[in-house]
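Both of the next two complexes hold chain A, though its partner changes from chain B to chain C.
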Partner chain A sequence: MSVRYSTTSRMLAIATGLAVCAIIARGAGVGPWELVKAVIEGSFGSPQASAATLAKVTPLVLNGLAVAVAYRAGLLNIGCEGQMTLGALAAASLATRAGEWSGAVLIPATLALGGLIGAVWAMPALWLRRRKRVHEVLTTLILNTLALHLADLLVVGPLGDGTAIGRTALVARQAFLPSWEFDRGAAVSLAPLIAFGLVVAVQVWLERTVWGFEVRATGMGPLAARVSGIEAERWQRRVFLLSGFIAGLAGTLEVLGVHHRFYRAFSPGYGFDGITVAFLANGSPGWSCVSGLLMAMLRSADKWLQLSLSISPSLIWIIQAVLLLSVACQARIDAVWPWMKRVFGRLPGGPRASEEAQS
Partner chain B sequence: MHDRPEIRFCSVSKRFGSLWANREISFDVHRAEIHAIVGENGAGKSTLMKLLCGHFLPDEGFIALRGRESRFRSPRQAAEAGLGLVSQQPHTFPQLTALENVLAGHPPGLFRLLRPAAARTRVEALCSRFGFELPLDQRAGELAFAHRQQIQLLRVLYRDASVLVLDEPTSLLAPPEAERLLDLLRGLRFKDHTVLFVSHRLSEVLSLADRVSVLSKGRCVGTYATADVTRERIARLIAEDGGAVGSPPADRAANELGGAHAARLSISHAPVVEEEDRAMRGPAPNNRQLVSLAAGAGTSSCPHERSVGSRGTRIALSLDGVRSEVSTDESPLDRVSLELVEGESFGVGGVVGNGQRSLARVVSGLEAAVEGGIHLAGEDVTRMSLRDRRLRGLRWLPANLTDEGMLPAASLLDNCLLGLQREMRFQRYGWLRSKPVFRWASAMLSAGDVRYPALGYPASSLSGGNLQKLGLCRALEGKPRVVLLEQPSRGLDLLAQKQLRSRVHELRAQGVSFLVISHDLEELFELCDRIGVLFRGALMGVQNTNQARRETLVRWMLGGP
Partner chain C sequence: MTGEWLPACIYWSLTALARATPLLFACLGGLVSESSGVINFALEGMMLAGAFGAVWAAHAFGSPWWGLLGGAMAGMALGALHALACLSLRANQIVSSIALNLLAAGATGTLLNQVFQAYGTSPTVGRLPSVGEYVRGGFPGEAAWGVRVLDALPLPALLAVGCTLVVLFVFQKMALGLVIRACGEDPDGARACGIEVARVRFGAVLCSGLLAGLGGASLSIGALAQFVERMTQGRGYLAIAALILARWNPKGVLPATLLLGGAEALSDWLAVAWPRLPHQGLLAVPYGMCLLVLAVHVGRRRAPSALGRL
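Here is the complex of A and B:
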């Protein structure tokens, strides 16, 4: 199939999606341009809105990264929600109890613990996959439910602050992530920066190192990788643990950067949104930044849309879903804006920019 | 009888991107004719067959079937018009059984129900008529490659297609099977079927086909009655356009190295006979002890020197009474013993399913031996992983290259690097050095005469023969000690086969040993010093190539003494 053909088909998919969205919006009495403007205003229109959007970016991008990195090794981690929740709970429990530690020790220790618990929660899936040949989608999905209820149980009981609300005490003051208050009531912590840094690190690791090459080979053809002397199963195990670690980290950053405590029903589905983020980015960790930001904008704009255009939030979700569907039809964002390739790296599967120039 | 052509290609052109796969191809295929199509790798043979069978539409020109222009929008429409394609890569559903695979796509009976019992009897009848030993209730994913090809053939025969289109049907068959297939095709012609087949084996083409069309670089050079042309003339026609540029240096290399090789062979042949006896007698306990002692003493770092009898040559690979696990798709190995001297090439032949795949898997380390020992250059590697054996210089070109050796979705660059990524010249402290890799890969592919659009394109964009060339280049790259080649000439055109031979000879002169596993006796005769035959997992016997008799080998293949 020629490159030109597939590019046009992607453009067509996006155009179709946008057209359908415009028709839906028109039906609700809103012009398409108004809608786009409202989304941008709602997410970045005011300092407070920007702060809210940036706070949502961290868990979305990190969960997207967690799903994407496992996907690159040929595994599907649907269990980010559970890994993130338990990671957050563990982090909050440590940070509330270690009051005498200094911040420079406490923050890294909490991050490490939160990530570790996320990885530990991914382990049963690996074990069952290896010993009993149970597919990881099934196990991680069930582990999610288990994790959410376990966290409920613990936060009402031994790890809670004693109230009936079901939350932990506030974490120690020095465990708050350094944040920058750029306007009254609008602050952004270090968390998004950490998330973006991690995305870059993972992307570079995958694309530029020998180990990353072996991981990618494993994901694209496990048998061919094994025949070429790559320890495919071992890489899959390692990368799956890394995926759990990143999901756990997402929860930890949420505790240390945003809420400063753990409470019941901690994640509003960030773990599941991570799957969307990852697939919107076609499984590329680098592009998870872009799709994560997009998702965060849509998520934080919904109240504003309701206020300014007085359309129901359900409509926004419908529009979002239509857009996602059109993108899922092989529509890839790097085909629309080629310059983005230089910034975020190549999407897996397509030719590299340098070689395209040569051919 | 030949008043109206069954199929008429009328200046058919098909373009992929900037590459013309077919350019103004015109020829006729008569009714009840066996028509062969020959040409180099990438000459556009497979594309033409796919155009005929509705996989895609021609960009220009048209194809007429029985006098009417056919514009099939799908392979299904082509099938309904009586065309049946047996493609180069067997397309099967791995989860379905062989029987279900044969029935797939076939119009169901009353109330849209499959009638398994009736269908089964028919398929069984076809199998016994054509001598296929196909386990009908096994899942296709577990079947040997050649069995999957039989599935495709059965699919077409079951549907009673009036035009059979076969893309290199015999490339994976052992001589007795290939002979049966050719008989089958001859029989079909008498029943008024038309057969169109692509092949690289000119002897087969000349003995089977009525007429032959030669393709070169996407164009049709001509159509000839096989009675009027010689093998040499066809070979010249094939090479005339595309091959002429590349062939003289390759020829020269082959001649030069051929001389050196002959000198080598005269030295190594005398002891080979002695070794053959040993191989046939079975495991040699004394040698085995000696080897494991040496390995235990820590001499593994330097190649192990052995003096057996009068010979001073070193053993590169030895198998002592190796048995393998019972697998679903073919016979497990039954106490196979063989030894390869450095620089020697040993061929293993046999009918599909008699343990060739098991042998490759056990030697490569993908599967563990149940019993017996494997030594690589004197070191016991029986319990070693595939990766560790690779590090000790064992290379493997698997038979099912697209699944086992390539990442079809990954770029050609990544595919070149696959398996070699840890070599020091390609990395610095764990970072891949993209420039040296890029330079090396382009050099390797052009040396191997692989035709590719650009290194960034996915491996799936290569034609079957070019993919095979890439696999070969990669397997012979670096410093191999023992190379395990499975069906090495599969899909290669004559020129590429010649280049493969000269490359193998060149490496053997440097002391590299080859274990060649092939269903094709001609290939074994050309590449190997000694040929052994596997039957039901056991090594029936070994012959020196220069004294080997085809009849004996074929008899062994069928289980005779």
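Here is the complex of A and C:
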């Protein structure tokens, strides 16, 4: 199910995508270098911008990790948006109410609750997949919409702070993640570090342990995995729940590290961006750090694009879509690759696909 | 009392049909594409593109009828991209769909800005007439009761039902329907029979885009008279759910979409009847209903066996 490619050929695909983006930017009346310059200026041009970018790295990397880990087990979790939103809401509700707990108890408890709610919101999709054979992409998409409406309903009603704005009260002071203020109005919390640690843990788990091997085998061919004695179905279920947990965690860290409360329309599409992050990273947790950073730069530069180049921030969506399409079309790019290798001499890497073995 | 029940029932079922119209178009599109073996989760994006294309064309040419054509063309353009990525470039069909949904959201937002210099919503354009208005256009003067009831029925609804009949005819009575289904069930067998599978699938995905585009147009110039950013609100996904409920059977498409459209009409009605109900809960009614029906729906679901395979 999940075909993976070598890093070099993936880079080739991304380069193709960037070239197409440059052509589109040309069409919108912006030179490609201007666009690159604007993105870098908008994301790391000032301490404040850098802080905003780093704050966006956490949810993007974690959602990317959530999608990637499910994809490695052969499942697509498109429901990160909903899982993240509900996880964040649960986390904020706990952290606003447990005022007398100490931070050392409250922060882990909140993280656990947020992740758990995320996993719970992934469950109906699993159940429907197993019992009714409904594709998980469809159910998670519907669950997303339901989650957004549910969170709206709860935050205006019983879980809100009583105002009509639709937000919870500020979380207890000791639940704020420790943060480092490196310039006026520019602070970065512990959240990116936690995300990074989690990425490393999942990477090691997937690539260096027996369980990780079983998960990868399940993703490459559930039938073959089952025949060789791996509990494929069970691993798919566990990994899907893990994926929901990570997405819920993304929301929780967003509450504890950045906003310190939950409000309506909490996630500006981080869950969906996670799909792009995961696929640009080729389903690898480690690389999703890099692609997560790239997406965070694009996301935090969108207002700057509007100000400096006066193009619509929606252009970011187009760039994202083109990148995703180009990595999706990797198979065809790979087909050209052996030919290119012959032309440019022997370069390291190249497709790991069976085509080489055959030729 | 009885005198009021009948009109109310008729009115309500017409409203359900009106709300089901975009879903019906999109669901037919999904049916055509998936019967030929190509997964199409990009219906959402195709609808959005269609909605924008319709408003753009209606604005540019000054008539909603051109808008209908523009919507179909915009949907078809996205269909062409999906076909190109999946069939010519052998992309993963689900990933390509997700990318196209993103592309539609981004492109409509950007174009909205470039064409209308607006953020969020477009200026209003001409709306397609309802069936009642259309009929009365021919016979001016005091209208009969039956014609006034038809005011609740937008014209695209009639077009959608017509398309359903055409698709039904193609799939049940024509060789073409058999050819499409053969590509979805057993592409190798179809190839052995001399069918050009890739070409049939390309056509099917284009047709799917056209239908979904019409669905979007019926939303933007049928129900409203303007384009609102992300106005489809997940209806493309509901259409796929309807397709699953219909078990990829052309006969089941109309009932399945009417069920979900009815849920939307119900949530509208509840909002008026009990204003104290929270509106977020009501907005979720069609989606909750959809999940519930998927969960309790008994019977074997059988997708085309080569769905997603090249």
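As a working rule, the second predicted complex is superposed on the first by the 280 of 359 C-alpha atoms of A that agree within 3 Å, B and C clash if a C-alpha of one lies under 4 Å from a C-alpha of the other, contacts with A are read in each partner's own complex, and residues count from 1 in each chain.
Please note the rule applied: a residue touches a chain if its C-beta (ideal position, glycine included) is under 8 Å from a C-beta of that chain, and two chains touch if they have at least 3 such contacts.
Remember, predicted model here, so these are calculated numbers, not experimental data.
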First, second, both or neither for A:223, with chain B first and chain C second: first
Contacts of A:18 with chain B and chain C, given as first, second, both or neither: neither
Greater residue coverage of chain A in the superposed arrangement, chain B or chain C: C
Partner chain(s) touched by A:132 [first = chain B, second = chain C, both, neither]: second
Chain B versus chain C as contact partner of A:98, first or second or both or neither: neither
Partner chain in contact with A:322 - chain B first, chain C second, else both or neither: second
Contacting residues of chain A [partner chain C, same complex]: 28, 76, 78, 124, 127-128, 132-134, 137-139, 141-146, 149-150, 152-153, 156-157, 272, 275-276, 279, 311-322, 324-325, 327-332
Sites on chain B touched by chain A in the complex: 16-17, 364, 366, 385-387, 390-391, 396, 398, 403-411, 413-414, 417-419, 421-422, 426-427, 430-432, 434, 453-458
Chain B-touching residues of chain A, taken from the complex the two chains share: 2-4, 208-211, 213-214, 216-217, 220-221, 223-231, 349-352, 354-356, 358-359
List of chain C residues in touch with chain A within their complex: 41, 81, 85, 88-92, 94-96, 98-100, 102-103, 105-110, 112-114, 119, 233-234, 237-238, 240-241, 244, 278, 280-281, 283-284, 287-288, 290-291, 294-295, 297, 301
